[in-house]
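Here come two complexes built around subunit A, the first alongside subunit B, the second alongside subunit C.
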Partner chain A sequence: MAKITLDGQVYDVDAGENLLKTCLSLGLDLPYFCWHPALGSVGACRQCAVVQYKDASDSKGRLVMACMTPVTDGLRAELEAPEAREFRASVIEFLMTSHPHDCPVCEEGGECHLQDMTVMTGHTVRHYRGRKRTHRNQYLGPFLNHEMNRCIACYRCVRYYRDYAGGQDLDVFAIRNDVYFGRFEDGVLENEFSGNLAEVCPTGVFTDKTFSAHYVRKWDLRYAPSVCAHCAVGCNTSPGERLGVLRRIINRYHGEVNGYFLCDRGRFGYGFVNGEERIRQPSLRGEPVSIEAAVAHLAGLASGRTIGIGSPRASLEANFALRALVGAENFYAGLSRAEAELVAAILDVLRRWPIRLPTVREVERADAVLVLGEDATSTAPRLALALRQAVRNQALELAQELKIPGWLDAAVREAAQGAKSPLFLASPAATRLDEVAEAVYRGAPEDIARLGFAVAHCLSPEAPGVPDLAGEDARLAETIAAALASARRPLIVSGTGCQSLEIIQAAANVALALAKRNPERSAPADAPDQSPPSAGLTETMKPVDLCYLVPECNTLGLALMDGRSVGDVFAAVQEGAADTVVVLENDLYRRADAVAVDHFLGQVKHLAVIEHTFNATAEQAELLLPSGTFAETEGTLVSLEGRAQRFYSVMPPAGEARDNWRWPAA
Partner chain B sequence: MDDKNNKPIPLTESEAAEIRAAASHYPDPSAASIEALKIVQKHRRWVSDNNLQAVAELLGLSAAELDGIATFYNLIYRKPVGEKVIHYCDSVSCWMLGAERIREHISKRLGIGLGETTADGRFTLLPIVCLGACDRAPAMMIGDELYGDLDEASVDAILTREDRHG
Partner chain C sequence: MDKPLTRNIKPDLAPVTLAEYRRSGGYEGLKKAVTAMAPAEAVATVKEANLRGRGGAGFPTGVKWSLVPQAAGQKYVVVNADEMEPGTFKDRLLMEGDPHQLIEGIAIAAYAIGADTAYIFLRGEYTLAARRLEQALQEARDASLLGRNILGAEFHLDIHLHTSAGRYICGEETALLNSLEGKRANPRTKPPYPQTSGLWGRPTVVNNVETVCNVPHILREGADWYRGLSRSQDAGTKLFGVSGRVKKPGLWELPMGTPIRELIEDCAGGMQEGYTLRGFLPGGASTDFLLPEHLDLAMDFDSLQRAGSRLGTGTMIVLDDATCPVRIVLNLERFFTQESCGWCTPCRDGLPWVVEILEGILAGRGRPEDLDRLEKLAWLMGPGHTFCALAPGAAEPLQSALKYFREDFERYLPVSPALSLRGEEHRVPLLEGERRAAGG
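Presenting the complex of A and B:
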């Protein structure tokens, strides 16, 4: 703790942070551009100047940049000192000399950091009478607009894109008043997290192009707290709606999950909500019917023995409502056969083994990582961005030894050069994280599993070994084991990506072997007390961080309700258990091969489908019941870290669609 | 050099060898970025997009990253220049002592404006922020040669001499 005096007022604050962040946390208005909570300080924009005094007798003080000033006990500064105010006003006036006066037609207008800061400093009249410098804009792909004339050269974009997200195709060119932020040549931005530029940029250089297509001002949008439905990470989002059209999605800060950033799939993948393929009216054998008739028909169908097929992309509530309608014994999770088996194995490990599910934020803190059989950038993109940050922990540690605070970004990077924490990556094909990995292993799923088992054996001789491993692979296993064993916060990432049960088991074995190395440390009080998987587990162990990536936004939640696959449904119908089936938001053709699904649907007499968008299963429904997408309904999803998160509707369902849970609950 | 298609044209073997030799002095080859660009320029006078992409590949950098370096330095030319580049200083000391007059004189004599090259491809005129020769202001640099205490007469004499030699 530190006692500091700001404008004569005494505050108790955390020592070691920078003064800008501390001021902002205290609710004090201090303008800034280049600082960003996730990117740290570089002192580039000179906007957050304050006057700092040496000691009690110092009456003159000196101008310092708050973002570059560490908070220490006894610090005394004035934000409101006249020279600080004048300095800040003059800096913003310089930054604004070439800024176009296009706020009324700029899409950033009304939610523009530059606008807010300019008003805050009181710069309302342009004294500059010279020519403004202008730039040519670039085509950056379908997601982002580029309007370089608005740039104030804060460098946030390249610091985010290159340093944080690992992109290589956005850079800064030229010097002085001509600095230009863009690509080497026109073209689609390559990084899968490029959309965050729209939020990172403090003004309107990078704006959301999908939003431009149906733009409205921020204050005309209605928002609701939501959760991304595109993968199992569970990023928190704010979808914005107006007049029944979903206009855009922006990040909603969650300190333990997505922080400040989303992936491009999550940010831009909302078009289907407004899509032509939406189901807008209940229909019976292809003919539109009223909601009342549809409800009555469903009740009639469900009066006898009926099978319900749930969905890993529908909420717990919707799945529960379906289960309540058909009875637990007739409710099937409706995953594919392979997926059901894999997720059951994952649940078993999560429940009974000495492991701990880290949050996405905790993934960022890992100091040695083994990724076994996953291309996280594809299966859980936001988590891949977290893994990229984990690789920086070595640099942050080196900086700490040199007494450089972690937020002093340029100094940390300069001191650490290319230092990286070890990330080992085993996957069948190249991944975007290969470039930051200490070692990459390419192999078939069986080979990846064997490598995993070998790592476990290196860590604990009790774990089964892999006798016929090639010398090179055996050495890699030893290297990985040594790195994990010497790490303070080791992490294993695996999942269903390779559709391999062995990989999931191998990852669990590595975690168990690591846990066994630390028997002396006591387990936290909330450690699972279920029966351990083997006799060797009876001693107290410190749980090891293990993260399994599962495919869909509620795969884990659904698997907690039921573990039976579409294969089990097919078998039940084959045996004549029922001839009526209700499918909840699940395209069976994605869960089994077409021949098997066709055969199954041929045996079903009555098929009711609750769905928001047409697909091959919905097209064969006798009774088709339109439901709302994530933006139009509410419910709870369980993320891959086991976090149950509620999302809310931002607009009523399209046409005569209803909440997915409302149909079976009616 | 053909810049017609967008594919990186290979550097000549001797250029590539010189760049590799320069890079071998550093643990990180990207440290030789400026040196490598100067090598290309020594052979070709300027650095085309294709040259730049080839150098970036050789040094293990993205083209964007290397171009960020290239465009930062005003002695790396990213557009074609004449045989000799005249850099007249437009910084404060030279400006106070008549840099504008000197520039107008050069422009009139050679018939070119800023950033332009004479029809015979002999001279290109560019400004530079400071030549570190304030004591001899106004100053200019032609190639590697620094000239100070300029007036119209001395500029005429210098340009005549530079045109005749080299």
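Presenting the complex of A and C:
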């Protein structure tokens, strides 16, 4: 703790933070550009100036940058000192000398950090009379516009893109007031998190190109708190709607999950909501019918014995409504046979083993990581970005030894150079994280599992060994085990990516071996201590962090309701258990091979499908019931960290579509 | 008078060979250090000698060395030979004329802080210095003065010569380190200082060429001798340069604290016929102007500081009465504008504005409020307001010209805006010297 005096007012604050962050946390307005809560301080823009006084007798003080000033006990500063105010207004004026002042036609207008800061500092009259410096813009692909004349050279974009997200193809070129932020040449930005540039950039240089296609001002958009439906990470989003069109998706801050960033899939993958393939009208045998007729027909179908097939991309509520309609014994989760087995195994481990599911934020704090059989960038992109940050913990520790605060970003990077915390990556094919891994293991799923079992055995002799492991692999297993054993916050990441039960088991064995090895091991500092693990485990074992990546936004939630697969449905119908099936937002052709699905559908007399977008299953429905997408309905999804999150509808479903849960509930 | 730095330098400026250097007592300082002194003693000697950095800031060299952590581990010595400051050409003489003096100094510095690797970061255009340094480095390696177990001691060192791709900002010590690492030459956050986190994150001492060249003599002759060389409280001798319309522009080694008058009148022979002295930038392009009334000041760190300027690199640029100070300032500010690294706002966007206003004034588009604007710009670019010292350096000639030569700016301002509106030309009154030169 520190007692500090700002503009004569005394505050109790955390010591060691930077003064800018502290001021903002206290609700004091201080303009800034180059500082970003996730990127730290670099002192480039000089916008956050305050006057700091040495001691009680110092009446003159000196101008310092708040973002570069550590908060210490007794610190005294004035934000409102005339010198500081004048300096801040002048910095804005500098930034404006070459700025196009094109707010009326700029897509950032209305949600522009530069606008806000300009108004805040009170700069209104332009004194510069010279010509403005101009730049050429680049084509950066389908997602982002580039309008370089609006750049204020805050360096946030390159720091985010290169240092934070690991991108290579965006950089700063040239010097003086000609610095240029772009690619070496026109071309599609390569990084899978490029969309965040639109939010990281405090001006209208990088803006969302998909939004441009149907642009409206921020204040004309309606928003709702939502959750991304594209993977199991459960990033919090803010979809924006106007006149029945979903216009864009922006990040919604959640400190434990996505923080400030989304992946490009989550940000830009919303076109289907406005798509031509949407189902807008209930239909019976291909003929449009009224909602009332559709509801009545569904009721008729469900009066006999009916099977319901749920969906891992529909909410708990929708699955529950379907289960209520058909009865629990007739409700099937509707995963593929393989996936159902895998997820059941995961649930079993999660329930009975000494494991805790870390949040995405906690993943960032891990100081040794083993990834077994996952390409996280594909299966849980935002988590892969968190793993990239975890690798930096070694650098932060080195910096701490040199008394460099973690938020002093450039200094940390210069001091620690390439120092990385160990990340071990075992996967069948190359992944984007390979470049930050200490060691990469390439092998078939069985090989990966064997490596995992060997690591577990190295950690604890009680864990079964792998006798015929090649010498090189055995050495790797030892290295991995040593790194995990000496880490304070080790983490294991695995999942369904390889469709391998052995890998899931191997990951669990590693976690258990770690837990046995160090009963005193403590969970991440600020994580709530979990209740002791059940079923035959010793009370002293502290759970170990293990992330299982599952494929869809509600896979885990659905698995908690039912474990039976489409394979089980097929068998039941084969046995004549029922001839009527209601499918909730699930294209069966993605859950089993086409021959099996065709055979199954041939046996079904009555098929009702609740769906928002046409697919091969929906096309064969006797009764087709249009539902709303994530943007048009509400519900609860359970993310891969076991977090139940509610999303809300930003607009009513178009046409005759209804909430997916409303059809079975009617 | 003792002139340790230049005593070996030949009139024809041919390089001093290793044999010649050794005959004059060369590498004796190093020998004394590595055979008879603990590293900490070498640091203490330099501290006692009160050697202050010759790169511009005047930081006490011994203190800088003593801030390097003593614990073992990779450390570096980096020699700043970027010398791109307009009007400064002192390090060039030392490197071209007596390269072994620098090498010996580096070796002692490395021994003192426990480094086994050193770099010379050399201005790219200094091709002759590059050749001579390479040759001297090879001679030293061949004579086992570099390499393993130097002079039989438990001391190993190699020195790498790195030629810069050429930017003024690379002379700023932390931008230099970034550049040496192959990164953009933006300065680094300080603290941490290079002594704790420098090249590749390791403890590093960055010293100017001239600073390092003093070290062999201090070690050989002792701290007392070194302090005794000076005419003021700042120790040793210093290379002083004079350029501009003097009779004999040049570079001389003189005791620290030599009065400016001696430098201009005795060494440089006074002003050329027909020109009078109006002022001078005492320490190079990034120091404040001083006036003839300051001629009796001693050229040392504190005297010039008290007079509102800086010793800088000690290489003076003289302003005569036929040269317009506004044009001089514009010329300098154009240089600084072009060399701004683009990292921080007041420098990146302030300097082009300064140039824009100065060009406007000279083109007859000036307005009375422009001078206040220039003053404010100089304040905005002042020390602590920017990320590194480039912009504060650029502000110095500007702010002092506005202070001392305000009428020279004012003479370009249209008498009344109405005149220029009517298309009437504003006649800029001529300077004394300009009138004479025009034969009036």
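One rule holds in what follows: the second predicted complex is superposed on the first by the 647 of 666 C-alpha atoms of A that agree within 3 Å, B and C clash if a C-alpha of one lies under 4 Å from a C-alpha of the other, contacts with A are read in each partner's own complex, and residues count from 1 in each chain.
Simple rule for what comes next: a contact is a pair of C-beta atoms (placed from the backbone, for glycine too) under 8 Å apart; a residue touches a chain by one contact, two chains touch by 3 or more.
In this text the structure is predicted, and so the values were computed from the model without any measurement.
On the superposed subunit A, the two partners subunit B and subunit C do not both fit; they clash.
Using the contact criterion defined above for the overlaid structures, shared-chain residue A:Cys45 touches subunit C, although it does not reach subunit B. Within the superposed three-chain model, A:Val10 lies out of touch with both subunit B and subunit C [touch as defined at top].
In the superposed three-chain model, the partner touching more residues of subunit A is C, compared with the other of subunit B and subunit C. Using the contact criterion defined above for the overlaid structures, shared-chain residue A:Arg129 touches subunit C, although it does not reach subunit B. Of the two partner chains placed around the shared chain by superposition, subunit C is the only one that A:Met68 touches, whereas subunit B remains out of contact.
Of the two partner chains, both subunit B and subunit C are touched by A:Val172. Clashing C-alpha atoms with subunit B appear in a single stretch of subunit C, chosen from 204-212, 330-338, 402-410 or 420-428: 330-338. With the contact threshold set out at the top, residues 172, 174-175 of subunit A are in contact with subunit B in one structure and with subunit C in the other.
The touching residues of subunit A, when paired with subunit B in their complex, are 168-175, 180, 183-185, 418.
Residue ranges on subunit B touching subunit A, taken from their complex, read 28, 49, 62-65, 67-68, 71-72, 74.
Chain contact summary for the complex, subunit A toward subunit C: residues 42-47, 49, 62-64, 68, 87, 90-91, 94-95, 97-98, 127-130, 133, 152-153, 155, 172, 174-179, 398, 402-404, 408, 410-411, 414-417.
Subunit C meets subunit A in the complex at residues 167, 169, 177-178, 184, 188-189, 191-192, 196-197, 200-201, 337-346, 348-353, 356, 360, 373, 376, 380, 384-387.
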